[in-house]
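Everything on this sheet refers to the single structure shown next.
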């Protein structure tokens, strides 16, 4: 497993909002060690039995939390992220969708300068099945096992985890890096973490059209990754010039096509699936080969 | 000697302005290795035989310079300092006077984050007598020798260096840290550098009223400095509430008096002079004792 | 949100960027009010690219020629986008053309300057392009680095750097995705002028940009009516040419479903991401707008509940089926509150399919039957 | 540059900080135009501190009492500063008083918030003070950290934090040395209001703050006429009570010279730093303004040439001596172009003293002689 485990102490920024409260409850039910919520002006109250603080600094001082899941509204996310980083939080999972991308860029600059890991924004978060859940992934779909997953998509991750779980391929950790063009951690850092993680046998990379992150991941895979990688790219039939749901999912100027990404990944030695069903088959094959070798 | 020596490659930002040009000429005459000037739009020309570049990056790439002396107008200084830091300059000597202090604070934040040493602003610069001069100090006054000098003042430094030189006490390096309330390097870092410098026997610290830097230096001296320190504080008879020339030289709310500083320095074991003449006597005594021990 | 050239230039001007004098004209006779001399440039105001090649820019030597050209240009449609108005400017005496823009670089995660000593070009296909990442907080030296790398020198370097700093300020203060000057011209009098300008405002930032308040609807003209209405509801609809309407929650899942439909031999008619956490009302709107498309024979609804509660979706389905027969529907629904949803839908006779691949295949099968019935 | 309370509040208001309704009054009869009800607060507008203790704030129950108090207050001089006008406000029902300010911290090298849950106090001597360093670029969480450390909670925490963010924006955008609200009051209706405000604008930044254009001269009222004229010439003059006028280049050297004069038994009459790189005209102005002071018997000019060229100084001296006898002058001059300077002054008979201590002693000697001659 990477990034988080059952001992990770987590706070929730925006814990008393509608979405924050609902997911705080779900995360607690999953077993996540939620040690505090943060909502300015609501300090001293509780939410689902968890103490609420006015500031992240106070929450960190009182609880020793090292990770934060952020559910604040889009225009407050930069402030919330900077607050977490300044208070010593080491891992920020930014769920919020619709953040102005220039705000994200400023937050990325801030967290990079402080060596804080940022996941998201516009992401479902992280799950280490059976241990902890930081975000909004539906815990019931994921099972413990040896497949490490990295994905730019939310529900597509659930879909693929579902078919993998059904086929007996549980997951070490799944990380949704988010669908925005500018974001925190990307493929290379996470591929590298999974490569070093003894609990991960096979890595599943779920990409989509837009940008060149998958092409760069391919280069990284060919140079640095020893474990088998199964890749799937969504948007193989997407028309050019149209934004396909995610702010980052657009083929522009002939760049960012699924074809280009699949080609690069194949050339890097990854197994490239065209449907979720094929992902399962390829993981089965890869794990079979691992057993034989 | 500290910070700079005869091999230090120096560029001058604002080299084609009136003051920049005049001091480029003087520094060259002193022997400073001025390898380039920077003035946007004047790239390709020369000033006193030195090539002028449009940007610091270009100058650094072409010359391998590691230090920059900045003479640009006050409202352009933040930009110039950030440019130097971004281009890989490791030591910035900011001569300019009248910089808005919030700009200085932003520059200080920028250089600290990059581990760039900043001297100034509103300072005379640095001289390692007989080796190199970065700034506007009158080279003829300074002689090589074992006295390290740190000062918040310009001409007062010249005055004290003059009487020291006349008495046969040359200087290892003299650093004018500047008279502004917000500035780059302060007493502790420079005291520490002189303490570690084999060429320095005695440290002369020239302070003035305002702030609490001398009180903090006193604490630092008592805890960390092994070499004899002779201190002089200007403004012993200054009335409270009046700004005495330097933006930083003001006694306010009963704080920042010469009395308080002199008391703290005495308590820390420094020799505290009341006139430049006494500085000379105390340096003579200190060096005499060094010879005996 | 794409802006028209005249809007972009007005914003540039507010940030101190030189633009030519200009007048917006919606009728040929308005040319008489032009306050600067001939020859004139008349430019179609459209949101699509390729205007020059399509003949959307003309020069007039006098009023008579101008009026004739204006009439002709005002009727043009370029790249599917109708001419909204004309921007009329004096013809500029150009000594040199450059390219300059600011945009966000997704790979580096920061804004970048893009510059070229060659202007009026397709920047994607040009060889002489330089890019400079822009650190935050901004300082003007970054613009000088850019101008230097573009190969400029002397006064021109300083002038272009100054303009680039203003362009960045505009980009940051107005929350833009793109601020582009192409070409940036150097006149024979050594003035640096934005001869053409393009701005894309960031959609997610419109709520904090009072300047753009109320602008959105009139700038969605390159979308179909249904795409446009969806956008205003906060939904992402892309219309395609097939007969299977696809609705899913989540962009990646919608794309994957679309890809599977195509792979197994079906033809997608819509891509509609109803988003995460969408409510009953929004889901109903989504079902209706897909059903409204006359090409749609089958609606494939694929919801995997993460944030989305299945019972909310079921509620929307129950309402939808009051007006629309369930026979066109193929529903894959799985996730939170799935049992409640199943119960709600059991009464309607709508069968839920738990897995995606069978659902896709069912939808394709049904689309063939229904398309056959229609022909 | 110190601002009056009414000016500070007007600026606060432009940054969205709540201030009480208010009216500036320069004549008692203007009270009739007050647009809000009694009781009123009448406050002397002065640049000095300690106004409350000096009786510069009064409350009026009706117009008659108000006019009488206004007449009396408008004639007050507080801490040497004449009342410029009155600020009239309705009396506020106060539930709680706080303190809030933003200033630059010289030791940390960054702006800081200073806050206290106790208001209307001398912040230097208060125990309940918290400070929070402000990183750049600013984010509002810093203000929430402050409010929390001030011991606030609930809605009040959010309201004070919001006001603190606005105060910081004001501090940064307007280039202030100090933005202070003391007291910041919580009204009985739970509104957070800046009841008194103080702003010190940074002198070095006035050139880039169009808002303050032309303000400087009318805000130098706590300086003497000569100090004021010097400031407008860019010179730093402080007048003292002795008879030796001291002019030097550089603040530290001027202070050291002053200290030496005092130490060796003399009495300094002026501290005048002519600055580095000062030109001939400025030096002449400096000599003349020192000579103008009737208490000055001797002028001690101490120039150690770094940036300053000695020949420029000599030129100023030559001109000065055309009007003023050299007998009052003691000149120490050393540095760049010293030989040229000596030659220029040789003709006038003015003797240059190369070392500081002898020059100081000579000036003291001469001051005794001349003071004796005068008595």
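When the chains are written out, they are named A, B, C and D in that same order, and each has its own residue count from 1.
Just so we're on the same page, a contact is a pair of C-beta atoms (placed from the backbone, for glycine too) under 8 Å apart; a residue touches a chain by one contact, two chains touch by 3 or more.
Not measured: the values here are computed from a predicted model.
Trainee: Applying the touch definition from the top, give me the chains sitting in contact with each of chain B and chain D.
Mentor: Of all the chains present, those in contact with both chain B and chain D are C.
Trainee: In the chain contact graph, what is the shortest path length, in steps, from chain A to chain C?
Mentor: Steps on the shortest route: 1.
Trainee: What chain lies farthest away from chain B once each centre is taken as the mean of the Cα atoms?
Mentor: Chain C.
Trainee: Looking at chain pairs B-C and C-D, which one is connected by more C-beta pairs in contact?
Mentor: Per the contact counts, B-C leads.
Trainee: If you average the Cα atoms of chain A and of chain D to get two centres, how far apart are those centres in Å?
Mentor: 55
Trainee: Roughly how far is chain A from chain B, centre to centre by C-alpha average, rounded to an integer in Å?
Mentor: Comparing mean C-alpha positions, chain B is 50 Å from chain A.
Trainee: Send over the residues of chain C in touch with two or more other chains.
Mentor: Each of 135-137 in chain C touches at least two other chains.
Trainee: What residues in chain A touch two or more of the other chains?
Mentor: 106
Trainee: Should the pattern of chain-chain touching be classed as line, ring, star, complete or other?
Mentor: other
Trainee: If two chains touch, include that pair; go through all of them.
Mentor: Chains touch in the following pairs: A-C, A-D, B-C, B-D, C-D.
Trainee: Give every residue of chain C touching chain B within the complex, in rising order.
Mentor: 135, 137, 139-141, 144-145, 147-148, 153-155, 157-158, 161
Trainee: Which stretch or stretches of chain C touch chain D in the complex?
Mentor: 136-137
Trainee: With touch defined as at the start, can you tell me which chain B residues reach chain D in the complex?
Mentor: My answer: residues 19, 74-75, 97-102, 104-106, 108-109, 124, 136-138, 151-159, 162-163, 179, 181-183, 206, 208-213, 216, 232, 234-239, 242-249, 253-255, 274-277.
Trainee: Quick check on the complex: what are the chain A residues that touch chain D?
Mentor: On the chain A side, the touching residues are 40-44, 54-58, 78-80, 82-83, 86, 106.
Trainee: Under the stated contact criterion, what part of chain D meets chain B in this complex?
Mentor: 104, 106-107, 109-111, 124, 135-136, 172, 175, 177, 202, 204-205, 207-208, 236, 238, 240, 248-256, 258-260, 262-263, 268, 271, 273, 275-277, 304-307, 334-336, 355-357
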